[in-house]
Every structure is written in structure tokens, then in C-alpha cells.
Amino acid sequence: MSFHILSEAKKIAKITLVGEIDSLSAREFQKEIEKLATGSPDELILYVENLTFISSAGLRVLIFAKQKMGTNLAIYIVKPQESVLETLEKTGLQHSVNIVDQYL
Amino acid sequence: MSFHILSEAKKIAKITLVGEIDSLSAREFQKEIEKLATGSPDELILYVENLTFISSAGLRVLIFAKQKMGTNLAIYIVKPQESVLETLEKTGLQHSVNIVDQYL
Amino acid sequence: MERKTFPGTLDSLEGIRQEVKEESQRVGLSKKATYNLLLAIDEIATNIIMHGYEENDKSGVIDLQIDHRDNQIEVTLEDDAPPFDPLQHTLPTEEFFNKPLEERPIGGMGIHLTINAVDKFRYEFANQRNRNIFVVKVGDA
Amino acid sequence: MERKTFPGTLDSLEGIRQEVKEESQRVGLSKKATYNLLLAIDEIATNIIMHGYEENDKSGVIDLQIDHRDNQIEVTLEDDAPPFDPLQHTLPTEEFFNKPLEERPIGGMGIHLTINAVDKFRYEFANQRNRNIFVVKVGDA
């Protein structure tokens, strides 16, 4: 019979980041991560299309998220702007997160 | 400060359906829904781009899902083929599910 | 086409659809009309198997006959289950279809889909058999 | 530009970036070079505030000076925290950046990003003050 079914269930945490993340605003980002971590998500999806600036303080939060939410946490970064992408690349984060145009 | 953060956490169940759903294969679909229902997902996302046939037996499973997983369950049907879409419309299901090109 | 006999079980559905599909393609029926014809036949065949045979603790066959003439394709399903005329069955109303899913009965869509899917749908009880007949014009857009 | 003085607190960062951004745009620095300059300045200013003042339980100011001459833009940050030369700090190695996130220390990226982001980065200790100087050529692609 030509029928095929695939399924998966998971907990996801979605965050939309808009504007600039420096050491000040990174604190809000961190608080949000801490809040979401209590639900032990399997995936963290960051919508960053309208994130215009991220300093290393923002990257620290990503590393914190991975360490806090567990090694199995898959991080998706959806549609980073070029400068944000470059910063992820210069700091090796692109090896540990999934940079995508669209979350499926 | 020009920074804005939005977040949400939820349980999602993803099912990819490939091929034909008639009254025989609908049973597999139903079993999968029953399995996923134990996790009480908030959203059920059906990837149906490669679903080429669905009879009312398949639609029954969708109604069953809504009744079994709770009224708050949001159902997303991603990329239905034209005939599948027509069947959803002819049976009024398009009012109760979200038919989308892409799940965000 | 000569008559083909299928066991009245769910695993016959795919083969029935396959036969009708091949013949429809052979005579040049459009993709959309073919899909709808297959849907109608699948719905009625399912009802024969589930409501006609299984719910009556009976087993039996479904005979499939496909004829092509006068620019139309005519498919006939015959079975030995208790007489049932789908056209006598009360169809769901507009109101039914507008109900939220959680308030709807879980079934009741098959005959509605069938009637909407073909140009003509006919039922006969002849020689002690149910005869469901589906007619689709060939050469329509 | 005349010198501007900001409190050595995190809520000054945005204003510092804003000043540098406006001047960079005024002299025609490319979008990309401007972004990188802002990043470098933000990283060092953060370090002054967090490591220089806060961790030493001190408070103080950051003075910002922007000069444009010889086709280059030169930004200077001056502070009164204990002397610290970022260029003497051991930078993370290639190996560090290739580690999976769960095995990495959580910080240590700021000075690396700073040095990579501008054409020249200089540190001086003069008049009992830290002076961090960022130089970017204008008119580059």
C-alpha cells in the first residue's frame, strides 16, 4: 500500500528577537531563556529576522541556553541578517546551532 | 532601548503523510494520532505535500484528533495538493484547521 | 472491460482504485475528474465493506465493471450485502459542515462526497444485488 | 568632535553606539564597516563597565571622542578603571571556537571580536587613564 507516515512529538520554545542585543538587553534575553528552560524544551527557535545588532553578550546567552537546557537542545536561528551571521561565524557558534531560512 | 522580545513554549506533534489515505491506511494514521495524543500536544502539524489521496476515512481521523487531543488543539495542514484541499473544503474542515504554505 | 471481482475487505480498495485509474487515464479523463471518480468509488466501496458486510457479520465480494461509451465512463460496483440505497440516506446539511469539529459526529461525509464527485450517481437493486453506478463525462475541462 | 562623557553603566551603551553610528554615516563609512566598528566599541565599553568598574566595586565614566582625518575614523574611549590592556589578554584559540557549546566557557569572545572588527586597535595608559583606540579606514569597499 503506498502510504507512509512519520511522526514526532516535541516541546519547542520560540523566541522572536527584535532590535539590538547588547549587554543590557541581553539580560532580558537571558531571563526569557531561564523562564523557558523550566519547561525543558527539545528545540529553541530564534526568529531573528529583525535583530539588527548582537554583541558577545547575546552570544553568551546562546551558550548559556545550551548549557542550561541540556546538551540535546537543538537551537534554530531563523533568517539572521548578514552581520549577525558573521558574528556567529567568527565565534564558532555556527557549528552548534542550525542557521535556517525557515523552521520546518 | 530598541529591543523587544516575544516568547512562547508549546508541545507540537508533527506528522508527515505520504501517499494515499483510504479506510485501510487511515487506521495507521489513527494509531499515530492516538500515540501522540498521550503527550497532549498544543499543535498538530500535518505535512501533506506528498499526500496524493484522502478519503473521508482520513478526514474522520482529523475530527477524531480534535476531539481526542482537546478543543484547544490547533491543527495545521501544510501544503495540501489541490484535490486534498477541495475535499477539506467540501466537508467544512477548512473552518477548523489552519491550511498553510509553511509552518512558522 | 470484463468484470473483476475483489474480496469485500479494505485491502481491496487500492486495487479497485488502481483499475479505475488506469481505465480513466486510457480514455483521457482529466486528472481532476479522475481523482473525483476514484474518491466516489472509494467511499462507496468502503461503505459496502464496512456497513454492508462487516457490520452485518457477513463476508462477500465487490464486483467492478468499467464501461466507456458515448463519451462517458461508467463504473459499476455490485455486492451481496443487505440492500442499501445511498440516495435514500439523509445527507448532512450546510449546518453540519459549518459546525466546529469538536461538535460534529465523526463520520457522515462519504455519501456527500460521492454525490458531489461524479456527474451522475445511481443505485439499483437487481438480481438480489446492490448496484452502485458512477457516471463521468469524458472530454470535460 | 568634542568629547562626550557617559556614565560607566550598561544603559550608556546604546548612546555611545548612537554617537559613533551618526558620525560614521556622516563621513560615509560603509554599512558593514560601521556595524563592525559599533560592535568593537560595544564590546570594549562593556568590558570597562563590567570588568573595569563593576567587578572592582568602582564607579566612573567613559569618555568618547571621535575624530575624522586622513580618510579614517578614529574613536577613543577613556576610563578611570584599573589599568587593563586588552591586547595583553590571551585570545581564545581556534580550538576554543571549534568546541561544542556545552564544553565552552560562557564568555571570552569580546576582545577577539573587537580586534577582528576594526582596521587598527590600540591601547594606551596615559594620565592615569585607560585609553582604547579604534581606527577604521573610510572609503573601503
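Each chain carries a letter (A, B, C and D) given by its place in the written order, and its residues are counted from 1.
Here, a contact is a pair of C-beta atoms (placed from the backbone, for glycine too) under 8 Å apart; a residue touches a chain by one contact, two chains touch by 3 or more.
Not measured: the values here are computed from a predicted model.
Chemist: As a test of understanding: of all chains, whose mean C-alpha position lies farthest from that of subunit B?
Modeler: Of all chains, D has its centre farthest from that of subunit B.
Chemist: Looking at contacts between chains, which pair has the highest count of C-beta pairs?
Modeler: Going pair by pair, the biggest contact count turns up for A-B.
Chemist: Calculate how many whole Å lie between the centre of subunit B and the centre of subunit C, each centre taken as the average of the chain's C-alpha atoms.
Modeler: Distance between chain centres: 26 Å.
Chemist: Just give me the whole-number Å value for how far the CA centre of subunit A lies from that of subunit C.
Modeler: 51
Chemist: Quick check on subunit A: which residues sit in contact with 2+ other chains?
Modeler: Answer for subunit A, listing residues that touch two or more other chains: 1-2, 20, 24.
Chemist: Indicate the residues of subunit C shared as contacts by at least two other chains.
Modeler: 11, 14
Chemist: Okay, in this complex, where on subunit D does subunit A touch?
Modeler: Touch residues, subunit D against subunit A: 10-11, 13-14, 17, 32, 35-36, 38-39, 42-43, 46, 49-50, 96-102, 104, 106-107, 109-110, 112-113, 116.
Chemist: Taking the touch rule as given, give the residues of subunit B at its contact with subunit C in the complex, in rising order.
Modeler: For subunit B paired with subunit C, touching residues are 20, 22-24, 53, 55-57, 59-60, 62-64, 66-67, 71, 82-83, 87, 90-93, 95-97.
Chemist: Please name which positions on subunit B make contact with subunit A in the complex.
Modeler: Those residues of subunit B that touch subunit A are 1-21, 24-25, 28-29, 32, 35-36, 39, 41, 102-104.
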